[in-house]
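Quick one: the structure is below, and I'll ask about it shortly.
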Amino acid sequence: MMTILLLFFPLIASLAVLLGGSKLAAQLALGLAVVELAITGYAVSVFQASGPEAFYVFHSWIESPKVSFHLGLDGLSLIMVLLTNFLTPIIILSAFNRNTPHAAGYFSLILLMQFALVGVFMAMDGLLYYIFWELALIPIYFIALRWGGTNRVAITLKFFIYTLAGSLLMLFGFIMLYWYNPDQSFDIRELYRIYITDGNQSWLFWMFFLAFAIKIPIVPFHTWQADTYRESPTQGTMLLSGIMLKMGTYSLIRWLLPILPMGVAKWGPLAITLCVVGIVYASIIAIKQRNLKNLLAYSSLAHVGLIAAGIFALNIQGMQGSVVQMVAHGVNVVGLFFCADIIFNRTNTNETNELGGIRSLAPQFTTMFMVIVLGSVALPLTNGFIGEFLLLYGVYEYNTWLSVFAGLTIILGAVYMLRMFKKVMLGETGVRVPAFPDLYWNEKLALGILVIVIIAMGVYPKPIMDMAEPVLQTILNKTVI
Amino acid sequence: MSQLLFFTLSAMTILSALVVVFTRKPMYSVLSLIVCFFTIAGHYILLNAQFLAITHVIVYAGAIMVLFLFTVMLLNLNADSDVPKSGKLRIAATITAGMLFITLLASIKSTTLGEFAFPPASDKGLVQHVGQQLFTDYLLPFEISSILFLSAMIGAVVLAKKEKH
Amino acid sequence: MYTLIYTCCLGLLCLVAEILNLRKLLIPVILAGLAAIFCVNYMDWQHVGPIIIGGMDMAHMIQVDQFTVAFNGLLIGAAALLFTLSADFYKDEQHHLSDYLAILLFILCGAMVLTSFSNLIMLFLGIEIVSISLYIMAGSRKFDIRSNEAGFKYFLMGSFASAILLFGITLIYGSSGSFELSKISGFAASSGMNSPMFLVGALLMVAAFLFKVAAVPFHFWSPDVYEGSPSLVTTMMATLVKVSFFAAFYRLMSGGLLGIHDYTNDILVIVAAATMIVGNLIALSQENFKRLLAYSGISHAGYMLLAILSLKTDSSSALFFYGAAYVLATIGAFAVAIPVFKATGKETIDAFDGLGRKDPFLAAMLTMSMLSLAGIPPLAGFLGKYYIFSEAIKNGYAILTVLAVLASIVGVYYYFKVILAMYTKQGDDTEVKPTLLYTIVMLVCVGLSLLLGVWPGGLMGIL
Amino acid sequence: MTFLGLMIPLLPLMGFLVNGLLGKYLPKGSTGWIGSLSVLASFICVLMIFKDLGAAQAIQIDVFNWISFGNIDISFGLWIDSLTMVMLMVVTGVGFLIHLYSIGYMHGDEGFTRFFTYLNLFIFFMLLLVMGSNYLMMFIGWEGVGLCSYLLIGFWFKNEAYNDAAQKAFVMNRIGDLGFLLGMFFILFHFGTLDIQAVEGLAPGLSADSTLLIGITLLLFVGAIGKSAQLPLYTWLPDAMAGPTPVSALIHAATMVTAGIYMIVRSNVLFAMAPTTLTVILWIGVATSVFAAVIGLKQNDIKKVLAYSTVSQLGLMFAALGLGAFSSGVFHLVTHAFFKALLFLGAGSVIHALHGEQDIRNMGGLKKLIPVTYLTFILAALAISGFPLLSGFFSKDEILAHAFEQNKLVWIILFISSLLTAFYMFRLVFLTFFNSFRGTEETKHHIHESPWTMTLPLIILCVLSVIGGLIGLPYVFNVSHLLGTYLSAVTEPSASLIHHGEKLSHSLEIGLMTLAGLAAIGMILYARRKYITLKAIPEADSAITGIPKLIYHKFYVDEIYESWIVKPVFKMSEWFGTFFDKQVVDRVVNATAGVMESGGKTLRLFQTGNTGFYVFAMVIGMVVLFIIRLLI
Amino acid sequence: MEQAAHLVPLNWYLFLSTFLFCIGVMGVLFRRNAIIILMCIELMLNSVNLLLVAFSAYSGNSDGQVFVFFIMVVAAAEVAVGLALLISIYRNIGSTDIDVLNKLKW
């Protein structure tokens, strides 16, 4: 019951906001999102008390191609849902007093997005999962299209078709699985059981991997990313980078590894190499990016590459790291893009060369920005460190040299992040940026929460890790033969 | 004997058919087509389908071709109104049709069917038999074809009726 | 069976109404009649018995099975929507109204024959009824040279195709000695493969059908005819007629030529591939909306051919579901497009410029329809595609399916061209005022698309 | 005692939080005192623990289970033993003095509060570093102090050069940190734990000098190189002088830069098991020591000179560790903390007096004007130069003795470097305080002695650097080596593993000491002759030529790094970003779309609109189908 | 003796009507005048009729002949509609040349 509520509340909320009219859309959306968050919190408490059993929902949905409406919340899903429902209110809050046009549509789309994302993380039936996966694409596309930047049209269309291309291949893969499954169905429990020959696994692997690789994205399938991030409205970018990317990494764990172990065994090495190369590649590119949002896009590309690498390392610390880092990266990147938005909101530019000397104008903002930056350069006692430590250790256990190479991200990350911070915030006051009002209440609140979470997670990550451990362990046992 | 008949008729049929295609004057085409139809009627008689032969002559020569003639005259088409296709296209057309013929033939030549003498010993072609069948087994199609006629009729009227713009 | 008869009667009723000059009542009466016919059709679902007319069993001419009933239901539904549109579409051609409506109803009759034939002669008559009526309707805008051209092109090529069809039928008759589907299938199963004449006949019939469903390389007529015909007729061709032809094709292949299935499939695979590629690629560079939908229709024909290919494992319900989704989406699209065309006087895509701002509701409706055509969940189009792909893969056409997947990615691009026009282009502010009937049709189509998308149980797998 | 142990790091943290969050609501100036007192409080805690913690005892405090995966648990734990105690005293003690000093020094700076916030944060992290019970805890402090040094070097953030220096420091540290991190991975993977004591316990089990051990220790040493500014990663330290002088004193002289020493001593067994690594450490230390000393000869910025001397002294300490004389290394660490902090503070006081003038060519004759500073400064200089019986004399000498025992060459080089030290220190002293003032008149007019908050720390530190030697008097004096015995609990396990050369005879040792002392004095006198009697003054930058120029420009190491590493990376970034990513990777993506588009445009042309052609196409199509069928 | 000459193989009819059919096709491809094309299509239909009759006569069941009736029906209907269309076109453009009909393309 609670699962159903958890899933459909955002949908109802989005309709309510749509009908509620633009005047109070933001407030209404925020309120409803907070309610959803509260429900999630309750779900977590129940989970802690009585484990995942309470959350499974199973109704048969379509008979002839057997598709079931099968939802579930194990530790992994719950963490992702928690992330989604935690970030959504923040994202909505970040849009306050920005007087967005057609606010009602805007916020209802955001909530619709939330609905789809929660669905993706909860679905335990292949086709159901796929439908949510596709569904998530539509609101974000329209958000970017209606409220995006100047040359959004071509870029968002490219993004849409590119990602759709990947996911259609995945659909094909799912259908293949359906027919390989002796008692034809998409139910994850059965998909985990079925036997598929090596040959089939190895090309099925690519069907799925491509879909996820484009979504995550893993170099060289990343070219849609930077442009889309730049052109989307900030909230869109936050949704994309904060939550939507995690769909890919989550799906790697949930839908790729356990179902196609031999495929992973065969192609995993190539995949992880791609990821690691991507990390360094993206980090290097990030150094010289002049547009703040572009730089953040590439940095996030590097981080997510590391997450994927940790997953393909196929050991518990890699998995744990990836989960922690998914959450951490979600929080950090949302914070970073929010900072970028705050800057843009006051100076109308995101070109690092046109910025500087903000620090003494807006000390509070500077401090919060600094903390978030530190989080994303993985300073100890911030959330980023836990993740990167585990991930790198995972990669190390997989292959020492790979980990050395991947470790460069620690150095390069510091380089481009601090460089950015220096160019944007430090330097002589009042030269390039004449005036810069400090944080408004909503910005202060949103960033404050993020900062607290960043440090709290860095100091005490245990709850998340404990929540994820059993699931990851079982998945690992299915994957590593 | 019957082979001879077959060959003569066939020769006439093909000849007139070719004339239909090749002559410049629409009028000639129409007339040679009528001839062609008559020879085909001859074939029907040979094949002991007398009733069909009659209907054929009435419907085609009598109705359809008249309709054609009528149109040709109405639009008074004559040789100079008819622009032939360019030589290249003509050759292309001939080759294509030839290829179709060859491929069809190549595909079916291996079939061996029986042979028979004229007139084949059967009264299937007689009017009462055909009528019998038409109104029992083929009642439904017969009725359905009325719909066809109806809509064709309406259509013809709607389209051909002169109206002020 | 009675559905067929009643539909004919309804058609006649129109003509009578013309005489009694009761044009006002026509549409409501027809809709009511269609509703009644729908119920009658639904009753057939329960008992699928022999059909007795005048004490004679017509089983060798017509057979009403669940396949028939299902497709008839779909056709009647589509017809109902179309007639709802026609009310306003023919507002200013009152003097021809009843003629047109009658012909449209006769097309429905022909379509019904196509879904139920069990004898090649019925097949032939059905095809001719539909085609000839369509020639007329396509050319019905007498003073519009484009309409004339469309009608005449369709007519010339159509009758050419009919001749080919007939030649095929003849050869099949010559080899199997009968026109009855049951006997033919018996022959096909027993000795079809070693009777060249039979095979050639089959190929010729297939070719003719490929023409009717506008598959490459027999597709050339469709873009021109779709563009030139009056929009309502285009809608009909794209939906009702296409689906009925596919039903007939399926019936012929499964009921008659199943024995030589492998022989024909090698051809169909090639054709399907070509159709999907050509249709989608050419559609990319279209400016005219109707032409765009024509090409998209070609590509959809390609997808539906996948269902024909995989009929060994009874893919009829996949075909049916796909057809339903496709019909709903297309009618929905045209329900929006027609008033827009009326308002702007253009039939090009830029007629939709700025619609998103002018009339968000219309824009939303068209967007939904386009998304459904593109096969994006949660709309019916997605499940339809999924269903057909699934069938094809089951029958081992994996490569072809991958091709179809890639093709449909290309498809997304041109469907989104329309959406982009509505939301991103700055259009002139001509007011678009769709009448109530149009609005109803849109709502019904989009609503059903959504419903089928989230609850397909209703239609999926009923066959 | 656990409580006290927890309070040690927590107090500065509280100070940080109070200043950071409430700073702007507190009365001006009070924040400085909050900062200082919090450190003082934790110093007191340290003393209390010291009082009743025996040399051999240790406290283990597990705060909570921090990270756990698989069967590995990493606790958020603290560990206090004798070595920790020594470090704690230095950090909190010297730390407090420098806090106190800063109150005066930073007075009136707009970032006054911010400064103390950062300073407290630094102390907190430094304490975590030295108290961490496992390597990951140490790493927290390790990176934390790096962060604080970044923040404090770039304290005056309006100056681009300072920001660059800060960033340089952080990044170079990060390079070392990567080594440290990988070292930890090795340890975690092969020992299954990161707990230092456990690792120290397990290490002897492995075969000595095995590749694994060498790998681990080398990687950890890379970390040390980064943090303690050894060759080749030393270049950030001189630049780090951009920060306020107290920062240089605290972070870049007394505490943070010695973290590397601490870490190696902390895991001395590990290192002792890997002689190869020790040799590497030894030579890097030696090289750094002399290299930096040479550069120091020609620097004219008062702080730069001190910076290079720090690098050189650190090199000396590493040399000691390389010789396996861990306690000697710590000894020098402590004494160095005293006099180098003092030197920096003194320099700060000078700069304070001259309103920011740092070039010694514009100083001179200050001894009358700022007597306290002068007095303390010269004593510190004597100490560092190894003037007999001052703290530096003993500590440095102990190391030299060890060197003599094991490797004469090392001894010679270190001896030379200590002579150089003596010379450039007194070059500095004489140029700064003697002769007549070379600056402008009105600067001279404003020169005044610093307030008591600044001078008091000077005096205290001065005392310490004079008597500091007492904690480590050599055996020849027939007194026990206090520090050595105190640390023995820590260094004992490794002692057996190190092979020392045969012990020096007392006579020889005394001989060496006198030699060193006399040499130091000799150098001082030489410097005196050159800079006081002959009144030599370093020539202007442009006039410098030949070898001196080379030295003056620090052997162009920075430039080499710039053009061989930094520039190429940036170039690559540019190229990847603007060309490769856009023109190659993305081009491929767009090309596919383009192909579709053009394909459509071409296919479209077949739709000629001519019915005849359409029929042609149909017939040909049919023919083709037939042919296909006939062929297959 | 003359029995042989009495016999006509069915294949001959097959070939004959195939040939006729192809002549019809050629005509359609060959001419531009819509009316002639129409007539050629009629020719194709008639070749089919002939073959049907031959088959039915040979196999002795008259379905073929009945079918011919329906073909005639359809042919008539087609011609009627076709010519009607032709006339309305002729009214508009004053020509029966199909190559003129190319407003709709691409």
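As written, the chains take the letters A, B, C, D and E, and residue 1 is the first residue of each chain.
Going forward, a residue touches a chain if its C-beta (ideal position, glycine included) is under 8 Å from a C-beta of that chain, and two chains touch if they have at least 3 such contacts.
Computed from a predicted model, the values in this text were never measured in an experiment.
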item	value
Partner chains shared by subunit B and subunit E (touch criterion as defined above)	C, D
Given subunit D and subunit E, the chains that contact each of them	B, C
Chain separated most widely from subunit C, comparing mean CA positions	D
Top chain pair, ranked by how many C-beta pairs fall in contact	B-E
Most centrally placed chain - per-chain CA mean versus overall CA mean	A
From subunit E, the most remote chain by mean C-alpha position	D
Centre-to-centre distance between subunit C and subunit A (centres being mean Cα positions), rounded to whole Å	43
Averaged-CA centre spacing for the pair subunit B and subunit A, given as whole angstrom	72
Distance between the centres, which are taken as Cα means, of subunit D and subunit B, whole angstrom	104
Distance from subunit C to subunit B - Cα centre to Cα centre, in angstrom	31
Sites on subunit D at which at least two other chains make contact	593, 604, 607, 609, 611-612, 615-616, 619-620, 622, 626, 629
Touching two or more other chains - residue numbers and ranges from subunit A	161
Interface hub residues of subunit B, defined as touching at least two other chains	85, 89, 92-93, 96-97, 100, 104, 107-108, 111, 113, 137-138, 141, 145, 148, 152, 155, 159
Pairs of chains in contact (touch as defined earlier), listed by label	A-C, A-D, B-C, B-D, B-E, C-D, C-E, D-E
Residue ranges of subunit C in contact with subunit B within the complex	8, 11, 15, 53-54, 56, 58, 60-62, 96, 99, 102-103, 106-107, 109-110, 113, 119, 121-122, 125-126, 128-129, 132-133, 135-136, 139-140, 142-143, 151, 171, 174-175, 195-197, 199-200, 203
Interface residues, subunit D side, partner subunit B - complex	612, 616, 619-620, 622-623, 626-627, 629-630
Residue ranges of subunit D in contact with subunit A within the complex	20, 64-70, 72, 76, 110, 136, 139-140, 143-144, 147, 150, 154, 157-158, 160, 163-164, 167, 170-171, 174-175, 177-178, 181-182, 185, 188-189, 569-570, 572-574, 576-577, 581, 585-586, 589-590, 593
For the subunit E and subunit D complex, residues of the former touching the latter	25, 28-29, 32, 98-99, 101-106
In the complex with subunit E, residue positions of subunit C that touch it	121, 124-125, 128, 132, 135-136, 139, 142-143, 145-146, 148-153, 155-156, 159-160, 162-163, 166-167, 169-171, 173-174, 177-179, 197, 223-225, 227-228
